[in-house]
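Working notes for the structure below.
For clarity, chains are labelled A, B, C and D in written order, and residue numbers in each chain start from 1.
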Amino acid sequence: MTNAMLEQGRTVLAEQGFSRLLGTELTDYAPGRAELSLVLRPDHRQQHGFAHGGVIAYLADNALTYAGASALGTGVLTLEMKINYTRPGLGERLIARAEVLSSGRRQAVCQCKVVALQDGTEKLVAVAQGTIVPASV
Amino acid sequence: MTNAMLEQGRTVLAEQGFSRLLGTELTDYAPGRAELSLVLRPDHRQQHGFAHGGVIAYLADNALTYAGASALGTGVLTLEMKINYTRPGLGERLIARAEVLSSGRRQAVCQCKVVALQDGTEKLVAVAQGTIVPASV
Amino acid sequence: MTNAMLEQGRTVLAEQGFSRLLGTELTDYAPGRAELSLVLRPDHRQQHGFAHGGVIAYLADNALTYAGASALGTGVLTLEMKINYTRPGLGERLIARAEVLSSGRRQAVCQCKVVALQDGTEKLVAVAQGTIVPASV
Amino acid sequence: MTNAMLEQGRTVLAEQGFSRLLGTELTDYAPGRAELSLVLRPDHRQQHGFAHGGVIAYLADNALTYAGASALGTGVLTLEMKINYTRPGLGERLIARAEVLSSGRRQAVCQCKVVALQDGTEKLVAVAQGTIVPASV
């Protein structure tokens, strides 16, 4: 069962051509947190067969933005983000879970952990931190 | 006319399923620098019609990695990167230009500027900084 | 009561001229985590009377390094870090709590939250994320 | 000879207790750029005799803020910054040179290079990137 917030978030995601191209799903969306997920396909890979860092960065960036929007309202911008890659992205699925660490009138600072799901086990592949701001002040 | 280094870089890029999916081209590759570029398509966009931050982050990440590889050798990993978005990505093409700021035995620290080309004018849309390391020590 | 690891960490801290200058104390140090703290003095301030961002960045940087060292061994380097300031640093004391998010043979990725203690209440003033590596490979 | 902008910047610096404690000087300040410098003393060091990462982070943070202020006006906040350490800080003096990469109504994105001056030679010890915003909107 889904709620109104999750439905609204999925409507926005469906309007992102890039997210449709990658097959991204919004699997959780609530005040202070968001979870995005995608099934890893051959066209998500780099030359060694791992998920391309850019796919992981995209998923983290998008999850951070959703988490920030959940705290600030829907009209937001991602000002910046930083990502550390901790392990090659290998498996059936990538899942990015973002949460709000701090939120005020002017910004939300969010953190995101990206895991790869392989044979039923989740392994951390990246950690990101970023700043989300209202789209207009 | 292209040189051997650029050809080798293009061969690697052609092996990245994700880069083929996005239509990325390697337009410059030399010791200490790399330039990647892609034609903006509807499926690169977010819900407001701008290039998705994830596309920009992907291009910056990949250009940083190429620049680092040019200094360290081809077997490299991107350990982390940070990106600031400075302007919405709007136009015909995104171009990411990365350069090596510092390089040693253990790491290369690189910077990347991403511009959007619109009606013949380049505008800065993002600045990134990241750490590239040899794939094995 | 203190343990051997905390004692060893305090010995190292006492050898840091800069930490002595600022009055930093190591208040917790165990596998996977570290806590550093200092009493805020007038000479820690910037022009508006808040803790200088540089004091907060120093404390976060040092706590990240300790956390990384707890996972990797004592001979470590901080390769890089990123810090988001979430609120002005106001109060009697700054406390930086760092933990290891991921650790392997080559790196530890750590996170740090810095709080200001004012009238018995902790408020988050910064969040940092960084990469710690062994000093020699 | 100094100009009015440099004088104003030095007045602000003199009001920062922490900058007085560390002996920081503002050696250049003009639209789009700032340079801060300090003589390395034993109480700036970590346990191996190098400049403490926190001193370098402080100097970069402060130079980024000055550069941002030169573009946005004097009432600014540093929202976040990221620093890569490229070499141990060894020598007589640290110099941080920051410049504005992009500036608008809402933010200035700045870069800073920190060098150590040793026997007349400058060596890059860190590169930082950060976001400066107006103090109130």
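In this section, a contact is a pair of C-beta atoms (placed from the backbone, for glycine too) under 8 Å apart; a residue touches a chain by one contact, two chains touch by 3 or more.
All values derive from a computational prediction rather than experimental measurement.
If you take chain A and chain D together, the chains in touch with both are B, C. By number of C-beta pairs in contact, A-B leads over the other of B-D and A-B.
One inter-chain figure worth recording: chain B and chain D are separated by 28 Å, centre to centre, where each centre is the mean of the chain's CA atoms. Spacing of chain A relative to chain B, judged by their CA centroids, is 21 angstrom.
Within chain D, contacts with two or more other chains are made by residues 79-80, 82, 84, 107, 131. Taken together, the chain D residues at the contact with chain C in this complex read 12, 15-21, 41-47, 52-55, 57-59, 61-62, 65, 77-85.
Residues of chain C that touch chain B in their complex: 79-80, 82, 106-107, 131, 133, 137. Within the complex formed with chain D, the residues of chain B that make contact are 82, 84, 86-87, 101-102, 104, 107, 109, 111, 113, 124, 127, 129, 131.
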